[in-house]
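Here come two complexes built around chain A, the first alongside chain B, the second alongside chain C.
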Partner chain A sequence: MTIDTEPLKSVSDIERTTLMTFIPGRIAVMFGGRRWRGLAPLAVLVVLCVLITIANPNFIELRNLVRLANSAAVPLTLAMGLTFIILMGSIDLSVEGTLSVAAMVVVLLAANDSNGNDYGWWAVLAAVVAGTVMGLISGLVQTMLRIPSFMATLGMWFIGLGLSVYMLGGSAIRLNDASIRDLALYRFLGLPLAVWVAVGAFALAAIIQYHTRLGRHILAIGGDEDVTKLSGVNVTRVRIAAFALAGFFFGIAGVLAAAQLGQSHAVIGDGRLFAAVTAVVVGGTALTGGEGGVVNTLIGVLIVTVLANGMILLGISPYIQQTVQGLMIIAAVALSLDRVRLKIVK
Partner chain B sequence: MNETFSIRQVFEGKWTQGAIPLVLLVALLLVIEIAAPGFLTGETLALLFANTAVLFILATGVTFAILLGGIDLSIQAVASLASVMMAQLLPSLGFAAFPVAILSGLAFGLLSGIVHVKLRVPSFVATLATGGVVTGLALWVSNGRAITIEEAGREKTAWINATIFGLPVVVLISALIGIVSFLALRYTRFGRQAIAVGAGEPAAWAAGINVDRTKIIAFAASGMLAAIAGVVLAARLSSGSPVLANQLLLPAIAAVIVGGTAITGGLGGVARTAVGALIISIVRIGMTFVGVNIFLENMVFGAVLIAAVAITIDRSKIAVIK
Partner chain C sequence: MKDRNSLTLSGTISRRTLMVSAAAGAATLAMPKVLRAADKPTLVTSIRSLSNPYHAVWKTGAEAYAKWAGLEHVTLVSEGNSEKGIADIKAMLAKTNGNMVLNSDPNDTPDARPIVEACAKAGAYVVTQWNKPADLHPKDFNPNYVSHIEFDGISSGKTIAEILFKTIGGKGGIVALGGLISTTAAIERKKGLDAALAANPDIKLLDFQVANWKSTEAFDLMGNLLTRFGDDIKGIWAANDDMGSGALEALRAENLAGKVPIVGVDGIKTAVDAVRTGEFACTVTSDPFWQGGMGLAIGYNAKIGKFDPAKEPPEHREFYGKAVLISHDNVEEYYKTNVESKPEMDWNDLWGRVTGAIRA
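Let's look at the complex of A and B:
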């Protein structure tokens, strides 16, 4: 999405002094450059927790913290997948489509109130595979047809949504398989299994990012794709693998969402893309790629979830949440401004 | 690649890219006329145009953003908010609700443009963010419910659903918007500069074009047209809802791309979008006619979008495809 424009640096210097870019730049300077900017999301999270606790002490009750962890499970799993895509400097808009396909598959194959299937945990496996295949197709479309990821995944978003709504016949279908429902209902060490699955997803994502070749290559592509290619990395294969990996996480999230709701319906994915993008960006992963990672995203997810929870505790209309998340994206991007300045942005 | 004659070369030629959608449209019309004789009469055509009007107005707005090489993913949110504002404000403000709703779209379009340009955020993220802001506001204002426009309000929106000389007023509105946008792109300084920015931003910048202002105006236009589409939609359905236009984002973008405007910018225009919107509309009618399940429409449009982007995109313009 961005083009290097060395000859235009002088123009950008003039640009730097305009008011709108100046103020966020100053705030970034106040945070004291790179090292401190990395800690800013954590500081925001802590301040947020303290402020909400002061306003309503119920916030730190154990019951509320469990609720908080529970509502962070699906966004965390989703955002793990999305982080890898954004680390490459791409975007995956198919989050909601892939999630709803996975939720549809698990509900239709496990015991449900619409057909006679009862494949138990094979349904979960099938759902995760379906998510992975959706991601794989996104990756293939993006690299083989050579079109920008936001267009490829915009198409996949609606293909997935159309497919799942069609298969569900436009209605809500209940999930009756008790063992899958236990993902949401059974508690281990006080937390629902879904939370542990999300923690597992985070651990897996962290291992992939920091200890595998794929993770390194994804980071390298985000840093500079041309250099990565010249270094002998098969960029196409890494891109396809990254999209498939993202689809894998979206698939898991779809299963968790279906288990939590006890059903699947047409709007199971509504608003999930937005929350996931907000979490990744607010956590400090740069949209230009190559900077940030899954640990940042964990903090980003907590910020988004704590804020949503806090707003409910403070009696603020839940409908306004998307507005706040939208403003948070804008603010977070504004604060991570300076490294983007030398490029044309489309 | 340029030395040998290939199918790709034909697709990438400017002339053929403009002509293919038109040929496709005529072919589709003929197929339907053969399958169901009597389709090409004034009455059914007027109905077709009327059903395409809202889609065309939305798509015209996005055309501005796409011509510049950007995209606007907030149009469905802005249109929905406009419909909610109409439904909420008609009883108290009367006719003043129209400008208020439309200006709200202009304001959020401006916001998208300013965030995109001044904060240097890629347009799809900037508009995703403003779209979220707008959706939240619409949900909040309407309490998450659809609001019916009551009898008193319907009197003030009735003119939109009326016909003049056999032509529905919505068709006239969309034609007027189409003509104004067409002239604005072709004969005004803004229009020429917009196409220059889309064709080559560094060159446009070096030539002294105020790129930032051009982009902001384009996104403001996109927001305002989206709000107008929302107002028309509210009048046609006699209700406003925070999710009213959600199903229109994909068809609107698909209409622009299928019409032959390149996602990379600089090539295309409102006339092509008109052709694209009619194609989408006819395909939709055709699918219902053939008996394709209505829920599968999204799948078809998603696939059509990917195919159309793959054909029309100018790959020489993107160094690295992200």
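Let's look at the complex of A and C:
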């Protein structure tokens, strides 16, 4: 007598899979299932705001909201650039290097306490151009030398950092140009100009992503590069353009950072890379590319900023703040991506 | 298809070319700059990085001493990498055949031991600053391990706290910004703050937060603290000037600069400027110019036999240096002698800034 074991085996396989996806599945149902998945980061943000407000009503004071917007300005501008790169499924590690180059250029060309230059707003233009050129080089290195973006931009990070260490002579140089400092100090409709610049950067990024060919091609490359190539898209050109675009946003962020701190030193970018990547991912843009976008990133940046602000308002000890931050990141990512659909988790 | 192949190939070739040229570049860098005369020792400075103002001034001090003494000087930078720091020193020992004087700010506490052992083995003279394990003593490596210099973080933290309290009239709330939690300097400076707080019961520490030594983090943190405490904040204590200047810019964005006094440690130029304008109440510096120059001077004088390390008292072997306080009273003078021009140092006054042996 023979028993056909084949059907039995496959049944047990199915059962195992069901079990493994049971818990995430339940969570998904709890939050309204797949349809509402895209709104999960927004829900996290709202819940966070409500909880912090209950604990400390100072949170929704106008003064605090202005401060929140102000501290979100630089990360938002940075994250706009990074979003396009992550959407392509690549990564740009040159964030800190490019930012410090831009901050160095603006401080050294505008009125400062180290040399006699005083080119005013031309310095800002030069800084943004410098950022864009850094991005352009990253893109060219990646596509022409065929080096993965991780390594190419890691190289650019160190090149940028080395360049600003050399140019600044290792010291902090003050920015004395009052009109550039006004980016941080002058207020229009109650908000510092830096916030308006960041809002402008967001608008520009949104237009590029949703209304231009470049934006769609970037998304398509992240979805499936081979298919995109076969559809006749010049992938190389799109990649170079995307990295240059990212550099452009990093350049703006560098100018804002220098204006806010009133000085530039080589380590002005320290910790910004990680904050930017966290914001992009927490917002729901997948590191694998092809999913998410600049609106997600806006919410991600707000989550990270509100969380930092909230932890101070709640008086959470600095010794455990990082732990809370880590927990929040895992929670936000767990909610925002459809884990059940993922076949492989690397 | 052929096109694509050749494209790939061209990529490979240029990458290889790049590698070859990179290797060639590295080899050029590794070549000795000058061939030394055998008799005069080389002065070697080993520091963490040139990207912070502190070590940049350190290097200036070292170069000033080398010029004064008429010796060749080499700066090694570890870039925060302990292995690189130690390997570079060993390479210098091999190159100079041990005929060198090293003034080192070891990247990390454990690094001091291999550095000292390598120097003692090669017959070089070494002075370490800031970091060494508690069980590593200059007296165990006579005569090569000449001295170890530190600055008392507790007393710095306490001094600036007392000046801050006096500036705000002896009562009210303050917030404190601490350095990277695990570092000795951060722990000691906070101890100093705590001691000053204990002696001034009318001062209330509203909150102690950590900004990891960075102005950027202090900037964001300060905005949040202003939300939480608002006008209750009468003064700001920062464990270093960089964080203090970040906090200052956050105040400036809210039109509070100069109204809430700040104190810090390090004496960086931004802070000195802020003391001049009254936005900082004071800052205290270990004087990296002195550290960079005098560390070499102590080592060199031992090397040429001006003094015998073995016969020096314990407070010349492991000591706290005297920190320089820069406040409203002396800032103009300090600015003239240290910022506008290079400081004049009496390099023969080896032990002038010894304040006592390091606490066990």
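Note that the second predicted complex is superposed on the first by the 282 of 346 C-alpha atoms of A that agree within 3 Å, B and C clash if a C-alpha of one lies under 4 Å from a C-alpha of the other, contacts with A are read in each partner's own complex, and residues count from 1 in each chain.
By our rule, a contact is a pair of C-beta atoms (placed from the backbone, for glycine too) under 8 Å apart; a residue touches a chain by one contact, two chains touch by 3 or more.
Predicted model only: the values in this text are computed from it and were never measured.
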Partner chain(s) touched by A:Q325 [first = chain B, second = chain C, both, neither]
first
Identify the partner contact of A:S90: answer first if only chain B is touched, second if only chain C is, both if each is, neither if none is.
first
Name the contact category of A:L145: first (chain B only), second (chain C only), both, or neither.
both
For A:F274, using the defined touch cut-off, is the partner it touches chain B, chain C, both, or neither? Pick first, second, both or neither.
first
Does chain B (first) or chain C (second) touch A:F243, or do both, or does neither?
neither
Tell me the contact category for A:L161 with respect to chain B and chain C: first, second, both or neither.
both
Quick one: classify A:A184 as touching chain B (first), chain C (second), both or neither.
second
Going by the contact rule set out at the top, does A:G262 touch chain B (first), chain C (second), both, or neither?
second
Name the contact category of A:A172: first (chain B only), second (chain C only), both, or neither.
second
As a test of reading the superposition: which chain, chain B or chain C, is in touch with more residues of chain A?
B
Touching chain B and also chain C: which chain A residues?
145-147, 161, 165, 169-170, 319, 321
Listed in rising order, the residues of chain A that touch chain B in the complex are 1-5, 7-8, 11, 18, 20-21, 24, 88-91, 93, 141-143, 145-152, 154-159, 161-163, 165-166, 169-170, 225-226, 274, 277-278, 281, 287, 289, 317, 319-327, 329-330, 333-334, 337, 340-341, 343-346
How about chain A: which of its residues touch chain C in the complex?
56, 58-59, 61, 63-64, 67, 70-71, 113, 144-147, 161, 164-165, 168-172, 174, 184-185, 192, 257, 260-263, 265-268, 270-272, 308-309, 312-313, 315, 318-319, 321
Touch list for chain C against partner chain A, complex:
8, 11, 14-15, 18, 49-53, 55-57, 59, 178, 181, 207-210, 212, 214-217, 219-221, 223-228, 230, 242, 245-246, 249, 252-253, 268-270, 273
Given the complex with chain A, which residues does chain B contribute to the contact?
69-71, 114-116, 118-126, 128-137, 139-140, 143-144, 201-202, 205-206, 250, 253, 263, 265, 293, 295-303, 305-306, 309-310, 313, 315, 318-322
